[in-house]
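Chain nomenclature is as follows: A, B, C, D and E, assigned in order of appearance, with residue numbering initiated at 1 for each chain independently.
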Amino acid sequence: MAEIAIKGVAKRFGGFTALHQVDLTISDQEFMVLLGASGCGKTTLLRIVAGLERPSQGEVWIGGRRVDHLPPRERGIAMVFQNYAVFPHLTVFENIAFGLRMKKLPQQEVERRVNRTAELMHIEQLLKRYSGQLSGGQRQRVAVARALAMEPDVILMDEPLSNLDALLRLEMRAELKGVLAASKTTTIYVTHDQVEAMSLADRIAVMHQGRIVQAASPVEVYRNPAARFVGSFIGNPPMNFIPATKAANGSWAVAGLTLPGPKSDKPRIEFAIRPEDVDAGGEGLHATARVIEPLGPHTLVTCDVEGSLFRAILDSNASVQVGDHLRLAPKLDRIRWFDPETTNAL
Amino acid sequence: QQVLFWSTQARPVEETQKMRDEVLKGFEGAVDYQVAEDGPWLTRLQAELQAGSGTIGLLGGLHGDFSTVGASLVDLSAVDVGGVKVNEAYKKLGMLGTGEQKYMPWMQATYLMAANKQALQYLPAGTDLNTITYDQLIEWSKNIAEKTGSPKFGFPAGPKGLKHRFFEGFLYPSYTGSMVTKFRSAEAETAWNKFKELWQYTNPNSTNYAFMQEPLLSGEVWVAFDHVARLADAFNKKPDEFVAFPAPAGPAGRGFMPVVAGVAIPKTSPDQDKAKALVAYMLKPETQIATLKATNFFPVVDVKLPGDMPASVKAFGPAIATMTGAPDALPALLPMGLGDLGGKFNQVYTDSFERIVLGGEDVHGVLEQQAAALKAIIDQAKAPCWAPDKPSTGACPVD
Amino acid sequence: MHGKALPYLLLMPATLFLCIFFLYPFALVAFEAVTRDGAFTLDNFRTMAGSWKFPVTVRNTLLLAAIVVPIQLTMALLMASVVSRLETGRSAALYVFAIPLGISDLAAGLIWLAIFDQSGFLNTLLSSLGVIDRPVMFLGYQSKLTIFIAVALAEIWRATAIMMVILVAGMGLIPKEYYEAAEVFGASPWQRFLRITLPLLRPSLQTAIILRVILAFEVFAVVAALGGTNLPVLMGETYNWQFTLQDRNVAAASALLILAISIGFTLFFLRVLRVPKEARI
Amino acid sequence: MSAVTETPVATVADARKAGDWLLIATALLLCVWVLLPIYLLIVNALSSPDQVTAFPKRFFPSFDLGSLSFFINFAGVARALWNSVLVATLTMILAIGFGAPAGYTLSRFDFPGKGTFRFLVLMTRAFPLPLLALPLAVMFIRTGLDDTAIGLALVHTTLALPFAVLITFSLFSGIPVELEEAAWTLGCTRWQAFRKVTLPLALPGIAASAVFAFTISWNEVFAAAVLTIENRTLTAFLLQSLGESPLYLKFAGGAALVVPALIFIFAVRKYLFAMWGIANR
Amino acid sequence: MAEIAIKGVAKRFGGFTALHQVDLTISDQEFMVLLGASGCGKTTLLRIVAGLERPSQGEVWIGGRRVDHLPPRERGIAMVFQNYAVFPHLTVFENIAFGLRMKKLPQQEVERRVNRTAELMHIEQLLKRYSGQLSGGQRQRVAVARALAMEPDVILMDEPLSNLDALLRLEMRAELKGVLAASKTTTIYVTHDQVEAMSLADRIAVMHQGRIVQAASPVEVYRNPAARFVGSFIGNPPMNFIPATKAANGSWAVAGLTLPGPKSDKPRIEFAIRPEDVDAGGEGLHATARVIEPLGPHTLVTCDVEGSLFRAILDSNASVQVGDHLRLAPKLDRIRWFDPETTNAL
């Protein structure tokens, strides 16, 4: 049982507030991914959970115990640091074995676990090297292996795969998911890779400027962003936003189209759609193609819609030229609406 | 251009200061009086001699300090001392066994006993301080130790203490009538055993004492033996509390040894004439008296001491007179003709002390071994005997 | 880049300096150690070793070093840890701990003499506490043990600061992240000290220990002040040979012995505390 | 919140507090250990001669300035003080100037002869200086360096250089090469990279070796006594004659020497911490 | 003019060979992306170009000058380090200004450039902070800004955006491309993000175990991998490989299909196709769906084709269930063939 509850946690560094009142509960064995812009407070939050930083206020509970004042080693956690923190004076083997030795496991068990996790991370041939003799990605994998070998109740990973190539990353991701599920570990995982987030997460918590804006399942976050920020942040390229003006009650004018929408008193709200949720041709938004980027199977077309930037992912077959005038038809069930003032979904 | 007076004497800061302010002020040319411990003193001197040029104008030191560098000292026999009569025995010492006046006697001192007046009540019946013997001293110390509960005899056996002179010039002559020849005689063994006896009633802190005036002042020690210059402070500070008296006598007499300090001019001296003038100045009666006041070293020239002397001088003068004039007086001379082996000669006595008294080794055995060392040194130096040993032809024998 | 020449270029000033001001005079002295009256001989060493004090001297010196240095190391590490952990008053504490640096061995000897002397502060304190009714002689020739303890205390007091400052500077360079990682992986403060601080501090430890050990073989002034001749040490004997006995050859031999012992220990610590090249930060 | 969960939180908070208290208590204890003997020295220095040798002693000074003023009024004290400062400062500059490049080289390059150099440097410190004084003095007299501040500083530098080399070596070893590499790619020469990146980070170490160099020179007596006559340093000036002086003067002299050194350490103490908290990230 | 030529460069670390005989020419103003698995030697190659590491053999030329023996600062380069190497004792401002001060630019110019690049990297409000007070992504941006501010002839970037979130990354990427093009800088850029590689690169050099396997335009590398490794490494998910047996001359049997292919004597070669180049339905490879992963607009279906793993990216509309039997029709013009022995393209 290692449920994590973060209750009203805030963190100030001098005058700067890195976290405002964060509340988040991660159920036992859940895989929670933290997403957010650079500098939004992800690492800070992890460090607070780990006990490396004291919250300025609020409480942290792990497995039903209040742990605010416990030192990290008594919290039953392991952590992968954003900058690895691989011990320079120890070999890879000893780095991975570090936590196990602290637990005073028998040598045999230590070796077994080290070998297993090293294999998992594809660093079994590096066990005798020192950190100075490793490449960035190799160092990162050592950091991950070190945390996995602990088989902790809770594992905190801060961008653990950021320095790996796509292929390895894909593999590691699958392995991680498998291992963590098998060992019933509760996980908080920071990543900036949305594919990774989507494919790993049970839930995604989106952070913005020290606040958690939405915490929900990947599909929910993707499809139903709770706030404009979530939509703009998640999805690559992100959601498109176009101002909409009231046409009638529950009906809004958007870039030459009139679309059914929420009932609201406001004269102007925001229309939002994901780039892949438009089709070229037919009844659609009036757009002028500005930049065409082939992305393999698809083509990313950046257009100008009523003076705002609008990105559409079109099938590569649709041969679009820069300067072309396009009609981009939104899929109706994928349209979202936001309040421009509160920036919340309507 | 001032003359640099490089000296091992009058090192305690207050004395140094007095040397500058009171003794040397009167010299026509300026004098820079600088003191150094033996190590730096010698090193600096040797360096200047080796380099062949130097800044030291005049050297001040004990007899022993000069023995190593005798060859590099200017002959001072031609110095015009202006009719002052300098002690001939010391002048002879100053020739260091050569025909030249290597150093000029500058001042003299000796060792004495001092006692806190509180100690007098424990004096064994029938003991006169002026004719005290070693046995009486032992008994007295024993009395004090037993009555007060702590040993109160003091002896400067610290690293900077002058203990070797006590054995060479006091203990040995008093018991054996000799310093070298009878080094391992039965009499010598008696002497050491007596001293061991005395040591039982000696303040164990003695091995840390460089000079006795402080333990006397603090009351740690009531009865002490030391160099007069190193007792003076006690008398000057508390003139009414202490008495001075002669060194004790043994079966062979009342052995005592003078200490002679001299001045010499190294061959590298930048201005020898001026340095010689300073030598003459140092021997002037007024200077000698000023020196006595400053350092508690007595004149080496014939002078009449004025009445305004410090308490220490007033106390020491009669005691010294009593000691030197005693019917059983047995003066011992400073070692002569040893050259740079003087240090090793002293070490033989100190080592014997440390081994026998501190280390508790067998007296006979130690003396056998040390005698061999002593013989080697004397033989190497080919030094003939000096008082109280009878003159010898060739190296002084160690029986 | 000047390539291969650069390191030599950088070492040039120090090397030249040491050659002129150390190596040249050293060679002259060393030459004296192995000659007598111009002829090569090992007599000087024989004379030195033959002196009855010699075994005691060597024993005292080694024993003193063996007891003082580990205690100093421990205390220096303790001080450095305290300093690096303190949040308020850190610089005041550092200053206080560093103070003995400014105190010469002569002065340190004096200070401790004032404490251990028969009329010293320790006796005053003990008697005012009623532990003793008359002053105890701590430094008498019979109480070699208390002399030894006093000398050791004075040495510890005086020379711990040297190690401490080196270690403090070294600790300041250890990145915090390693402590955090160790903490997360279950290391208690003590284990962090053992497994992170000590190994990462190795270069500084090496320096501190070597310098301290070398200096420990040269103790003299403090010993002389507190123990007189009751605790003869090598350096004191060297002095004795040079200045009292005026035998420069034997003194040189004796100095060479100190050098040899120091070199032996230095090599030992260089080896034991070596940081493999690849394991450096 | 239930009482059941409240308790452990409280105990842990207590444990932490206890840890803090332990830290503070340790710090205080260590401070007392360092300061008490100095305090006693000051008590003695400020007491009248009688009180210095009295038993039982008082633990508070009587503010008798007699002994101290004896020194202060010594002819030439001011000049000796100036000489001391001059020599110590020169020593500091020379030791760091020669030592730091060597320390840097040892930490950054691998080259043949590295071991030999390190060894030579250590040897310097392991050989008793008093024996070297004679050849050095001869050399100085012949070259005219005798009795000059720079001459003495050169000798003191031989004493301080090993410290400077080894301390800077261990400190430079703790600074990631990568930072320097980054500086190179940003247009720095090796020297500039050293000065702008490594040096500021190594400042505590440099400060440490500067303190050593200074205090070594400040407290050195023997060479000072042999090599200076007109331009005596305070130490040679005072300590030379302290050996046979009465205790109360010894203490006063000791205090007179200690105080300037304390002021110096106080002045540089902040450099010992210069980069703390920034460098350790 | 800053053409970079790497001629026969090899690098050995003790017994380990990190680079074997690398030859690569990067034209003036070209944007070259280095791609390769973790530990393949990318950083080592950059460090050799920068002059931080000496090649064990070979030559490096920059702008027509042989620079092997020149120190880094005389090579006219700037570099972004994989782990940032932000100076801890300097503020962000002084970090960015560092190189400019070395060039002794006037204070005004320094400020101008620092402010400009800081803005570009969105760190203008952090200028007074020290590196210890920055988040990982912020530190990384400082490192990039520091290199950009130099306006060097050649810029070497080692995973400069790896710790940034997708949105910022997208933005930074665009800005970088713009700035570097405007300043006519020759760039070598290491990344593990293939989208980044594709969208930024003029050419991509793919490295594998210390060798350069292919250096060509992004489309070429994607469409026409020169070796099996390139196909398997590039593309996310990567290319699928299925053994093909000779059916007739120039015709090969692949998982139940017979396809026209290269003429070869070998009895067995390898058929390869990208996941997005298959369509569900019709005449196709026989496959069984094993894992279904929704990726927003598409669905990644991992299937079993003749016992090998096969990934297909299908339209989300095609509703596939685990266990379904599928026919996956390859687009004929996208099929590639590899020699299984040399692993080179046929």
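The rule is simple: a contact is a pair of C-beta atoms (placed from the backbone, for glycine too) under 8 Å apart; a residue touches a chain by one contact, two chains touch by 3 or more.
For clarity, every value in this text was computed on a predicted model and none was experimentally measured.
Visitor: Starting at chain B, what is the smallest number of hops through touching chains needed to reach chain E?
Guide: Minimum number of steps from chain B to chain E: 2.
Visitor: Hey, which pair has more contacts between C-betas, C-D or D-E?
Guide: Ranking C-D and D-E by C-beta contacts puts C-D first.
Visitor: State, to the nearest whole Å, the distance from the C-alpha centre of chain A to the C-alpha centre of chain B.
Guide: Comparing mean C-alpha positions, chain B is 92 Å from chain A.
Visitor: If you average the CA atoms of chain C and of chain E, how many Å lie between those two points?
Guide: Going by mean C-alpha positions, chain C sits 57 Å from chain E.
Visitor: Averaging over Cα atoms per chain, report the distance between chain A and chain E in Å.
Guide: 22
Visitor: Taking each chain's centre as the mean of its CA atoms, how far is chain B from chain C in angstrom?
Guide: 37
Visitor: Which positions in chain E are in touch with at least two other chains?
Guide: 71, 83
Visitor: Touching at least two other chains at once: which residues of chain B meet that condition?
Guide: Within chain B, the residues that touch at least two other chains are 39, 218.
Visitor: Listing for chain C: what residues touch at least two other chains?
Guide: If we look for residues of chain C contacting two or more partner chains, we find 1, 118-119, 177, 200, 239, 242, 275, 280-281.
Visitor: Report the residues of chain A in contact with chain C in the complex, numbered from low to high.
Guide: 50-52, 71-73, 77-79, 81, 83, 85, 87-90, 98-99, 102-103, 129-130, 132-133, 146, 150
Visitor: Would you pull the chain C residues touching chain D in the complex into a rising list?
Guide: 1, 4, 6-8, 10-11, 13-15, 17-18, 21-26, 28-29, 75, 78-79, 82, 84-86, 89-91, 93-107, 110-112, 114-115, 118-121, 123-124, 127-128, 135, 157, 161-162, 165-166, 168-170, 172-177, 200, 203-204, 206-207, 210-211, 214-215, 217-218, 235, 238-239, 242, 248, 251-252, 255, 258-259, 262-263, 266, 270, 275, 277, 280-281
Visitor: Using the touch definition up top, name the residues of chain E that touch chain A in the complex.
Guide: 13, 35-39, 42-44, 82-83, 133-138, 141, 158-159, 162-170, 192-195, 198-199, 219, 222, 232-238, 274, 276-277, 293-297, 313
Visitor: Within the complex, which stretch of chain D touches chain B?
Guide: Spelled out, the residues of chain D in touch with chain B are 49, 53-55, 70-71, 74-75, 130, 133-134, 137-138, 140-142, 146-147, 222, 225-226, 229-230, 232, 238, 240-247, 249, 253.
Visitor: Going by the contact rule set out above, which residues of chain C touch chain B in the complex?
Guide: 52-53, 117-119, 134, 137, 139-143, 224, 226-230, 236, 239-240, 242-247
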